[in-house]
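I am attaching a structure below and will ask some questions about it afterwards.
Every chain is named by a letter (A, B and C) in the order it is written, and numbering of its residues begins at 1.
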Amino acid sequence: MKVGYLCTFTPKELIHSAGFLPYRVFATDRPINLASAYIQSYSCSQARGSLECALQDDFHAFVFTRCCDTLMRLTDIFEFAGKRVCNIEFPTKIGNVEYYVQELRDFIEVLREWGGEVNFERLMESLKLYRKLEEKLKQLFALSPDYETAIKVQQIEVRDAIKLVDEKIRTAKKEKEKPKVLITGSVCPYPKVYEIFREAGFSVKDDLCTGSRFFEYSYPDFEPVDLDSALKFIAEKYMNKSPCPTKHYEKDKRFEYVLKLAEDCDAVVFLLVKFCDPHFFDYPQLRARLEGMGKKVALIELEFPVVSFEQIRTRVEALREVI
Amino acid sequence: MITVGIDIGSITAKCVVLEDTRILGYKISRVKPNLEVTAKEILAETLSFVGLKREDVGRIVATGYGRNMVDFADKKITEISCHAAGACFLISNAGTVIDIGGQDSKVIAVENGKVLDFVMNDKCAAGTGRFIEVMAAALNLRIEDVGSLAVKATKKLKISSTCTVFAETEVVSYISSGEKVENIVAGVCDAIAGRIIAMANRVGIRREVVLTGGVAKNLGVKRAIEERLGFPVIVPEEPQIAGALGAAVLGQKA
Amino acid sequence: MKRLRISEKMRELMTGYYMAGMQAECNAWITSGAPVELLHALDVYPVYPENHGALIGATKLGGYYCEFAEKNGFSRDLCSYARCDIGCVFAGTSPIGGLPKPTFLFACNNICNTVVKWYEVLSRIFKVPLFVLDMPFIRKELKDCHLRYVEEQLYDFISFAERVTDRKLDDAKLRDVVLKSMESVELYSECLRTAANKPSPMTCFDAFVNMAPIVCLRGTDHAVSFYKEMKQELDERVKEGVSAIEREEIRLLWDNIPVWYRLKWFGEFFEKRNACLVADTYTNAWSGFKVSRGEDVLSGMAEVYTVSYLNIGMEMTAEIINKLIDLYDVDGVVMHSNRSCKPYSFGQYEIQKKLSVPSVIIEADMVDERVFSEAQVVTRLEAFLEML
């Protein structure tokens, strides 16, 4: 049974260990129609597209985390549309592990109500599997970033996902040295967009929620011994994941992270979904810092479903030409 | 009593003369930059068409975007109330009125000519007549031909963007990739229908569904709406005059 | 509309407040829903960028100042309070000559997560420390772990502020400030409640115009005496049967932040049609900041501020609106779908269906007058009034 989620801060290991398929919901190729009866047109198309998908497909339930103002309201809107929902209050301010462990304990109760049992052994198994998947994806991306795969693995059983990535690693070839572009943004579930960058002669690196932010973690260095310490492990794992603009960090960790990623790149592209407030607030100051490092920077605004690939191509090619 | 309803829309002006419950005649004209002149002219034209003088008229009611510019009107009522009244006058068992106008679309829940609830489009122009106009221009078509072309389509191409500007780019890219015009047009009509049905879902759809406004004459849009609803909708013989007629009807009561 | 005499006083009071800010030794920029009592207790002058944004909106210069931010890369789709305030920083001025440079920043996300991003931007511009008070969203129930989480942060904040200002928080003083805050909130609520009378002695526009002291000065004597006087004036009106508008036939409730640059226009529009917007959800939200009289000030504060109006689920929101509908006995609700305020606006379509009276949605923006379409708004409102 599919349990849908939108945000990479969702503890998918818990959902999986309860016997459900954690399924990341994205906007699809379908036009957004039904969703506009539930939410205004100045919400981002990731929110509207996911709602459209939820209204048309079969899901057991949905899990939300409060990442932005839109997601916060979306939980209620999904519920109003007749969906089974749960919101986990992942803190906006990164730090308090203990508080979040309690949230996770409550989440286990919710999973139980949904018909899924969580126990220590099964949770450890899920933790191990997802860590394996994450490490394999890292390996694959080090050879050659493969966004189609990175997106696909978020919608299938983790064991199949590992097999799929294994296969891809076998056939992947190390990319040739080419000018490198860092793509930063939230989500872009359309693999064709990344191809445009390659076709324009870039090698690609990313800071995206449909790319590396799905699998970049630094794991706590202790071995869980019981359910409680496993929850603590999850809490720490997610708090130390690649930083996201929807969270507040000490010492501007998010900016420092992006600037470091950009060091070996020639250009940076902000691939932003229209109406995505957290990213658009960061954009001007982050751009200035990147330009201060001598990087060429471009902004490409997206609306889902992406249809005007040629417009994107023109911008990307123009960027390639100025390097 | 003889009443006159004048509907000054964003693109066309409509005028209806009503005697009790009998339509004596009506006129439709293009709106001129000066709305007051537009209103005066269409009133004079319609009255002379039915052979009446200004003194014969008991009451004049203005509606539409330009209603407040019609100084000589005895009363001004919004097009929502007027479309509801007009549609119910024509189709007495109407439950829902869908009016796709030039700048604004509305879905009105009605009962015996009274408005129960209504929803209008948000700022975005998708789902209005303006949307078709922009697409028709991109395709180099006359707006009147859009509907008849759409019904000849062999498939419906998907117009995914809700934004008029982006949708125009989509249409242009279909042209350059050699898609048939009728298939593109069918996609445009379906996109509008999608928006309208989403709006209608907010008030709830009750039969009979009556389609009014200029776009109701567009067969492509009508069929696309019917496909999505799963049952036929009713288009009055002259859907464009529903607002003006409703104004005249409400003039009888006021 | 019959203006309240107190509005004149409000102007003087707020002018004094802004002047004091220029001279304050130490100030903090703070979000409207944050526990300002802690600042007052430390003698830190609170600066309210949101109130400043409202003021700019009211002077119809929102678009002008927003452009300064837009020229610097801030998207036009971002919150217009944030845009025009950041714009004023770039412009180096504002209708009141700009806000004083902050000593530190204090953002609480119980009104939106946007303020976190907005204050991060400010903290980079001014290079001053920022404290984020993170409040979990209370969709259905307030849990103990939420309260503990917030309470711990209140202690963190106190040590943070003490460190930055090199001052010590005095418990007795904090208690005193909280009592004053409660008193002013109580008085302000009483003022708003007078609108339950028929005819109503005030409109929501009076509430909007006179809300600045409850936002900026709650916890001080100024707010207490101001709302005492306002209450007196309203009571007089009630006693004499004075109506705020010429003829009150239809009573309405406003939802969302006002359209600041059109306050007068809306007021006249409704008055001409004998409709009175007697109350609104925005100012009534402040009447919720009532710290309980329990022993522990900080845990009381944690609770009150966590369940603030914009930090709760839609079911509870609809319930509150329905209570306001009953209390003020209104015939309909006018909902402002505010492009700038997603947490306030998203969900309105659903809430509409849960209300006990008809409602209408108009789309606008609180500060950015460039997105206001008069003809669209007029048609929707007139049709709504015809329907009622």
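As a convention for this text, a residue touches a chain if its C-beta (ideal position, glycine included) is under 8 Å from a C-beta of that chain, and two chains touch if they have at least 3 such contacts.
Fair warning: this is a prediction, and the values are worked out from it, not measured in the lab.
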| item | value |
| --- | --- |
| Chain of greatest Cα-centre distance to chain A | B |
| Of A-C and B-C, whichever chain pair has more C-beta contact pairs | A-C |
| Most central chain, judged by mean C-alpha position against the global CA mean | C |
| Rounded Å distance, chain A centre to chain B centre (Cα mean) | 44 |
| Where chain A and chain C are represented by their mean Cα positions, the distance between them in whole Å | 34 |
| Distance between chain centroids, defined by C-alpha means - chain B, chain C (Å) | 40 |
| Sites on chain C at which at least two other chains make contact | 337, 349, 363 |
| For chain B, residues that touch 2 or more chains besides their own | 122-123, 202 |
| Contacts with two or more other chains, residues of chain A listed in rising order | 37, 40 |
| Chain A to chain B touching residues, read off their complex | 29-37, 40-41, 303, 305, 307-308, 310-311 |
| Touching residues (chain side chain C, partner chain A) in the complex | 72-75, 77-79, 82, 109, 112-114, 116-118, 120-121, 124, 132, 134, 136-137, 139, 143, 145-146, 148-149, 152-153, 313-315, 337, 339, 342-343, 345-350, 363 |
| Residue ranges of chain B touching chain C (in the complex, touch as defined) | 65, 68, 77-81, 103-104, 115-120, 122-123, 202 |
| Sites on chain C touched by chain B in the complex | 337, 349, 352, 358, 361, 363, 371, 373, 375-376, 378-380, 382-383, 386-387 |
| List of chain A residues in touch with chain C within their complex | 37-40, 42-43, 66-70, 72-77, 80, 87, 89, 91-93, 96, 99, 102-103, 106, 245-246, 248, 252, 274-275, 277-278, 280-285, 287-288 |
